[in-house]
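Next come two complexes built around chain A: one with chain B, the other with chain C.
Up next, the complex of A and B:
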C-alpha cells in the first residue's frame, strides 16, 4: 500500500501542471502583499469607513496577520479549484491514458486503489495548504511585521491581540485541510464516472462555484439549503478569528465536511467496484 | 405694611438669585482654574470598551494628553482605539476655555454625595458643543458627572471617580456612555462564517444604541512638558 502511495505521489508531483497550483498561490499572495504595501491604507480606510466615523484607530493596523487574513479570504475559495486539478485526474486520467486496467491487474482491490488515490490527493492538498501558510502568513509577517489584528464581520468588529493570533492561524489551516479533504473526495468521486480528466475537473469547479454562490447569497430560499451545503461549512476556518471562538459551530462544520468526505468516498468505492473498466 | 413686606421679599429673592448666579460663576471659574492647571500628562491606563458591535479585549497602554485637545493612546506597537471627534477623554473639552454662560441648576445628590449642578453653554457659535451639564462636588471642587450634547455626535455622559490625583482634578476612573450609530457591512463582502447562533431580535433596534468606555488611570506623570511631536 505504502509503495503504491509513493507511486501515486510520484505521478502527481512529476506532472508540471501540479506546480501551477503552487505557482498561482504564491503569485496571488505576492500580488496582494505588493498591493498592500502601496495601497493598503486606502483599502483599510474604505473597509473601516463605517466604524471610523465613531472611533479613531492608531497603530500598526496593516500588519502581517491582517494581510494574511485578506489573502486567505481571497484564496481559500479558489484553492478547491486547484485541488480539483489533481483529484479530478485521479481515476479519469488513468482511464484516459489507458492505464487503469493495467493498474488493476496488480494484487490490490479496487477499493484499495480508490483509497490510495484519495490519500495521495489529501497529501497534495496538505502540501498546498502548508505552502499557502508559508507564502500567505509567514511572508506577510516578514514583509509587514506582527501586530494586533482587526477582523470585520458584517455586524461585528473584532480586535485580536497579537499574542493571541498565531494559534488561531494554525487551527484555521488545520480546518482548511479538513475542508480540502472534502474537495479531494468529491473530485475523485466525479473522476470515477469519467474517461477523461477534463470532465470531473470542470464539474468539481462548477459545483464549488455554484454552491459557494448559494452559500453567500442572502436570499430566504437559499437560507433553507445553506446548512446542508458543504461550501457553507468550508469557511469554518474563519470561526477561529472570532471572539469567543464558536467551537461548537466549528465542530459541527467539521462533522458535516467529514460526513461529505466519507459519503463521497463510499459512493466512489461502491460505483468503482461495479464499474466496467474497458481501458 | 403688606406692600413693604412684599417689596422686602422680592428684594430678598432677587438678591438670593443674584448671589447664587455669582456663586455658580465663581464655582465654575475655580473649577476651570483647577482643571487647567494640568497642561499635559502621561498616564498608564487600562481601557475597557463595551460597545454592542465591538469585541475588544482589555487594552493596556499609555495615554498622552496635552491641553487643550491633543490626545493619544499608545499600546506598545498595538492598535489603539479612541472615540472620534468631540468625544475626548478629558474634562478640558467639557470646560471650555472660551466665554460661556453658566446656569445654576441648584443642589442635588449624586451617588450619595451632595453636588451642585451647573449648565455650561458655550457662547461661541462655532462650538460643536450645544450644552454641558456638570455635577460638581463643591467640597472637593471636582466634576463627578457630566452630560454633553453635541451638534453632530449625539450626547455623551461621563462618570468620574477621583482618588490620588484629586488635587489636579484628574480622575482615577472615567466611564463614558456614548450614543452610537449602527455598524453594518454587506455579508457578500465580509463572507461571514455563519455559526448558526440565531441573533435575538433587538427590541431597541430603532432607538439610538449606547456604548460605554471605561478607563482606569493607574498613574499619572503631570506637567512634564510633552512635545507636540508625541501626538504625531
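Up next, the complex of A and C:
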C-alpha cells in the first residue's frame, strides 16, 4: 500500500500542472504582502476607524501575524478550488488518458485504488497548506516581524498577545487540512463518474462556490440548511483566533466535515466498484 | 494440457444491446489463441470482462483453476495485458511507466528485469525518453513491456498492432511468436488482421454479433479439404434451379446468377467445371482460396 501511495504521489508531483496551485498561492500571498508594505497602514486605519476613536493602540499593529490572517481570509476560500485540480483529475484524468484500464488490469482492487487516490489527494492538500503556512505566515513574519494581533469582528475586536498566537495558527492550519480532506473526497467522488477531468474539476468548483454563497447569505430560508452544508463549517479555523476558543463549535464543524468525507468516500467506492470501464 | 483460462457462459448486455452472449472457451498452456470478429462482434467487451474492467451479467472466469471476480483479483498476478491503444503516462519516461506498472503488479521486480523487458521489446537506449516523444510503434512496444514486466504466464493482447505501419506489424508479429516459442507464454490475441492471426495463432475463436460461431485449431479450420471455391459466370438466371440436382450442390454456400461459392476439396473443381459447361453455363473464372481470412469472411457474411 505504501509503495502504491508512493507511485501515486510520484505521478501527481511529476506533472507540471500540479505546481500551478503552489505558484498561485505564493503569488497571491506575495502580492498581498507587497500591498501591505506600501499601503498597509492606510488599510488598517480605515479598518479600525470605528474603534480607534475609543481605544489607543500602541506598538506594531501591522505585523506578520495580522498580515498572515488577512492572507488566510482571502486564500482559504480559494484553496478548495486548487485542490479540485488534483482531486477531480484522480480517476477521470486517468480514464481520459486511457491509463485507468491498464491500471485496473493489475491485481489491485478498485477500493484500494480509490483509497490510494484519496490518500495521495490528502497529502497534496497537506503540502499545499504547509506551503500556505510558509508563504503566508513565515514570510509575513519575516517581512513584517511579530507583534500582538488585532482580530477585527463585525461588532467587536479581539486582541491576541504576541506569545499567544503561533499555536492558534498551527491549529487553524490543522483544521484547514480537515476541511480540505472533504474537498478531496468530493472531487474524487465526482471524478469517478466522468471520463474527462474538466467536468469534475468544474463541478467541484461550482458546488463549493454555490454552497459558500448559501452559507454566507443571511436569509431565513437558507438558515435552515446552513448547519448541514460543509461550506458553513469550512471556515471553522477562524474560531482559533477567538478568545476563548470555541472548541465545542470547532469540534462540531470538524465532525460534520469528517462525516462528509467518509460519506463521499463510501459513495465513491460503492459506485466505482460497479462501474464498467469502457474508456 | 493444463487449462490457463476458462470462460463459461459469459454474457453482457449494455442497455438493450447484447454485446456478448453465452461465450464458453478454454485456453490451455502454450496455446496462442486468436480471437476474431468484425468490429462490434464483442471481442473488446469479452477481453474487458476477462480483465475485470467490465462486469459480466452472468458466467464465470477461471484463471489457473481459480475463480476470478471483483473480490478476487489475485489471478491477475499471472496475467499481462495490452488493451487497444497504447495509453500511458506521456509526461513520464518509458522507464518510469515501467516502474509504475511494476509496482502495481504487487511483486518485487528488480530494475534489472525492467531493462531485460526493454531489451526484449527493442526499446533499449530509449527508456529515459518521455513517452510523448515515442512513435505509436514504440508505445505499443512499451505496452508489451508493461504487460511482460511481472513475467506473466498469460498475455492478453487486444489489437496489439493497432495503428502500426507494415514494418511495425511484422516486428510485433515476430515478437509475439518469440514470446510464445522462447518464453513459453500462453497468449490470447485479438486482432482484426486475420492474416496476422493466421500466422501466429494455434487456436481460434470466432465471434459474430456477440456469439461464438466457431472455435478450434487453426490447422483444422483451414483444412485443405475445405477450400473456398468461387466460380464466376456470365449471367445465368436459372442457375439455382438448374444446379439443385448436382451431386456437389450440398457444398454450395452462396449462389447468384453470376457467382457460385462452394466449400469443397479442390480436386472436385474440374468435375464441377465440366458439369457447368455441360449445362451451358459460361464460366469466366475459378478461384480456390484456403485461408483463415476467407473462412472467416465466409462464416460471418450475412
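The rule we apply is simple: the second predicted complex is superposed on the first by the 279 of 279 C-alpha atoms of A that agree within 3 Å, B and C clash if a C-alpha of one lies under 4 Å from a C-alpha of the other, contacts with A are read in each partner's own complex, and residues count from 1 in each chain.
Convention: a residue touches a chain if its C-beta (ideal position, glycine included) is under 8 Å from a C-beta of that chain, and two chains touch if they have at least 3 such contacts.
Keep in mind that what you see is a predicted model, and the values were worked out from it rather than measured.
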{"item": "Chain B versus chain C as contact partner of A:274, first or second or both or neither", "value": "second"}
{"item": "A:195 touches, of chain B and chain C: first, second, both or neither?", "value": "neither"}
{"item": "Per-residue contact with chain A, leading partner among chain C and chain B", "value": "B"}
{"item": "Which superposed partner A:104 touches (first chain B, second chain C, both, neither)", "value": "second"}
{"item": "Which superposed partner A:252 touches (first chain B, second chain C, both, neither)", "value": "first"}
{"item": "Which of chain B and chain C A:7 touches, first, second, both or neither", "value": "second"}
{"item": "Residues of chain B that touch chain A when the two form their complex", "value": "53-57, 72-75, 77-84, 180-181, 183-197, 199"}
{"item": "Chain B contact footprint on chain A (complex, rising order)", "value": "47, 50-61, 73, 147-148, 150, 152-162, 164, 216-218, 226-227, 232, 235-239, 242-243, 246, 248-250, 252"}
{"item": "Parts of chain C lying in touch with chain A, wherever the complex brings them together", "value": "48, 51-55, 70-71, 73-77, 79, 81, 83, 85, 87-92, 96, 99-101, 103-106, 143, 146"}
{"item": "Residue ranges of chain A touching chain C (in the complex, touch as defined)", "value": "3-4, 6-7, 10-11, 14-16, 97-99, 101-110, 273-274, 276-278"}
